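Just below is one structure, and these are the notes that go with it.
The first chain written gets the first letter, and so on, giving A, B, C and D; residue counts start at 1 in each chain.
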């Protein structure tokens, strides 16, 4: 970490910074007087320092943090891949990609059992289904709640698939954890530290979605929140950032696939991709699924319905189970190429 | 609302849409055959329609929503300004701007009492102070919790100022509501529907901050969430959007001041501005406060500390009470000009 | 196209719009009186209408354009893929992806000949090299100018590869066109209509890069500019949008790969991807190249240097020819899968 | 400037960086071994260093630039305000704000003379008018060209007002410079280095608009381009950044008013605001003009037409001269308050 002084900073300014850093944070300093500007290096534990405050001292041009705001999830400190195993399904590392599939919302027992069977036959590994739906409009279908979770759990059991469902409210965390194998934190809740921590304390794997307005650095900082609860079973999920530019947009979000290899370098946690929410368009799920796996994703989460046009929510981005099968088959081939070619 | 067919759409495609709209949503249609393209108008209650699903039917190019996703907060339906009165302080309409001031975090009884006195003497109307702080890093100061709320309530009472504090977790809503007069929902929680609804049900005024990634339309849609609980006392707060472009950023966020006159046209709810979080820089609070009032804001929320450099959180954006006085004085003059000139 | 009236609009307001549209634009109208709001459909040539002006008439809530701002490049009007053939190399349609490779900047005759040979042996189809470099800093290497173009042309000839180079200034268009086979318009010039038109008039293929701040709609609108000059040989190139969120960014831009399938639906023009500028990181070029081809791109443009660390510009994003060979080989395999699976 | 090594970096890695920096850039280094990470400070001329290349050396985590990419326009080096005087009109420093007004496009001699008279009577200082219009659509009105410039020059002369017009193409620079007093570079051309340099060489003041996708750092870097030509008469203009969030947008752009005080700190060049393009809405020009002046802008540029609804371009954002008078009057009052209060 370093403090850069302005070109015209006085000796007094420099000494003030050195003293401030010593007295306030207990750190040593290292002053380099350059041709134009003086730079003061700080030696010691960066976490004690408030860089924005340092930047307000007289004569200071900028104050730099140097290590990243996350450490527990950093591959720099823990180089080995985290492989999360849930009822025999392995996510992460060099394992083949995992396919999470199911309806956006659980609508009835019949519906979730039928979809469970169909996605199972298509090759899915994990069954998803929403029981508490986050909604922009008050009037939309809000999900079946606990009843839906029961159906989901039973359908997962019937077909030997672990289950995942979103937990939207702190008040539902224990309830959802009672029924499902993986607790999903949605993109709108990525900054909701209380919900993340509460979920992490359930000692079940968490799937954390990136907010559409968050940098990768922020994303990993909130994953750190979960790991700080002693739970290293955190699956990261890229699901699209805000699209850019004026005028008509052709997709709901812009799937940020370079986040996949970046995240694989930065952290040991697995990273999967959700092309359904990431595009909002049924016809883009096939190409973007292939692209995600080609980029190295550890898995995909895809919304599936036997009757996409009749689904009670998110119809336009649901695909039919027969399309899921096609996606899984082609993605496995691309994974093979990745594995062979390195 | 309207469905636009592709140039080459067949009669069959058109009829399918008409039938679908009638059978599925119970709406009448009005088909206009243009030179190049056919447009199908939909007549009836737009809330029943899933536009994204319509857009997936064969031959359809686009499907348009026409009315806005919010209605309860819309000035189209309720043209009169909402004036919220809290212990004698009036926010909204043509009332003079309201000044909310106090520390980022409540640190001790002495601190909040001293700041309360100083901001009161500077001309502030409402006392703010954080007891439960939202934090990116696990290691930062998290706030005093209930103890802090007690001090805040007493300090407010002592100086005859209503109080406001952020509620970050659903689990704290009742607790915070017990002590303060206005419940603040932070920017990171703007999409947190459960928290908004729970807060609104406390029958106290809500202050809802806009997320740094949200359009005004989304912002008002979540204000609608609160009003739908029967609570029309919602104060909106602009606090900056994500800055644009590559390289170094000079402010934490970009204060979106044109949101002020836009929101005043769209809704009857009052809109205030937070220049402290909106800029993250002490030296910008003065010019941006003036600009916000000149743009027509109903008030300001400003972080104040008698010793900004010693504050336990957000030091760089806190100002001294004597600077607050200067801001309040000049803002009142600008408000006078606004009132006189129209 | 449609004009939506406010809920409280008067009959007079409605008639004013109808009259305005008829007298000013010569269009017929179709008035639908809904339960809450009246919608006025416009029938005729949309290009004559100024929608923003319509939106300012009394009683009007919104005015909609319905067809897209581009027509000449639209697949709706011209459904068949454009295949551009340059000295035997075919770009677009179902042809196998094309690989454009070469140094960021041409540094010397030796350098470009050596790289030409090495990328040729690695399997590249087209040779790239910059002679006039766009630069943020005045002090950076600006390129060799005409001398560089001569070397490029000769190197291309020597190895039987068509050539491409960026034209940054209108003043250089003819000069660049004299030497190279494809004229590249850089991302910073996507909105530069004069440059695009001048380049298009050279009757050589154009490669148009998307601006990092442009929507796909704007991108296609400026491709329309070129095609309007009578030149349909326009290759589109996705090279990354502005990354989102606060704090450290790990890539220069966010490669927007969902733009690939979207653009293939919207237009018949070929779309390629530039993972070098799109990421700015050598280690991301391999995974993102695979992802781009998996998403359906018609080709890749990659910066190559035999000594990436010694290159005079853009060192961090250049790869070695042996890495190019690996990329081309694996991309051809992914293309095979795409072709077989559909 | 500094190079931060990874936690596990070897001595060999550190020595390689030290050697590389010395041999390649001729700089001395200063190695600080921290508890977790080693930081290598670089001493000497930062302009010689390629930081992105440094970041690719083995064992390196990050490489930092420390001084800004602009120097000639930096207030750090030239603390005194630049006041630009054009035919008696002074822009910058503590002078009262300057009002630039006129039609979007010059339509006829009568039109520009009438508007010149009316804006003159309303209190405008400088007359604007477009002769070469940048357009997204090929079919829109493109401007009168040289004929328009003649009318503009004569109208300015008639009413004793300096004139400004946009130069869109390098080919027009000399022509435009022949007629007008200030050469405007539009937002779409902010990255067009050739155009900026060519314009700067005309030895007339330049008005440079910020691109809607550019950070302030990039904006100033391109102003540096002009000043590097020996022309310090550069007026900066904020005119809105891309709006954020999904769904309907209520303004064309988001006027970034905190850019005003930031730019006043960073550079000595004057900064004005364009609320017409910045909002795209007639009804927002009044509040945003006040806000801009309150924030400290050195002037405003506003589009005016005696018949806004009949104007050949940008009708929705033009205001009537009587509204201009109201804006100028109120802005002068706000400027008075700024001057008195400091």
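Quick note on the criterion: a residue touches a chain if its C-beta (ideal position, glycine included) is under 8 Å from a C-beta of that chain, and two chains touch if they have at least 3 such contacts.
Treat the numbers as computed from the prediction; the structure is a model and nothing was measured.
Participant: Compute the shortest path length in steps from chain A to chain C over the network of touching chains.
Facilitator: Counted as steps through touching chains, the separation is 1.
Participant: Could you pull out the chain whose C-alpha mean position is farthest off from that of chain D?
Facilitator: A
Participant: So the centre of each chain is just the mean of its C-alpha atoms; given that, what is the distance between chain B and chain D in Å?
Facilitator: 30
Participant: Please tell me the distance, in whole Å, between the geometric centres of chain A and chain D computed from their C-alpha atoms.
Facilitator: Centres of chain A and chain D (C-alpha means) sit 38 Å apart.
Participant: Check each residue of chain A and list the ones that touch at least two other chains.
Facilitator: Touching at least two other chains: 69, 212-213, 218, 242-246, 249.
Participant: For a test of understanding, state which residues of chain C touch chain D in their complex under the given definition.
Facilitator: Touching chain D from chain C are residues 47, 50, 52-53, 55-56, 69, 134-139, 168-171, 188-189, 191-195, 211-213, 218, 221-222, 224-225, 228, 242, 280, 282, 308-309, 314-317.
Participant: Provide the residue numbers of chain A that touch chain C in the complex, in ascending order.
Facilitator: These residues of chain A touch chain C: 68-69, 212-218, 241-251, 254-262, 265-266, 278-279, 283-284, 287-288, 290-296, 326, 329-330, 333-334, 337-338, 341.
Participant: In the complex of these two chains, what residues of chain B are touching chain C?
Facilitator: 1-2, 4, 6-8, 30, 32, 34-37, 39, 41, 43-45, 61-62, 64, 66-67, 76-77, 213, 242-246, 249, 252
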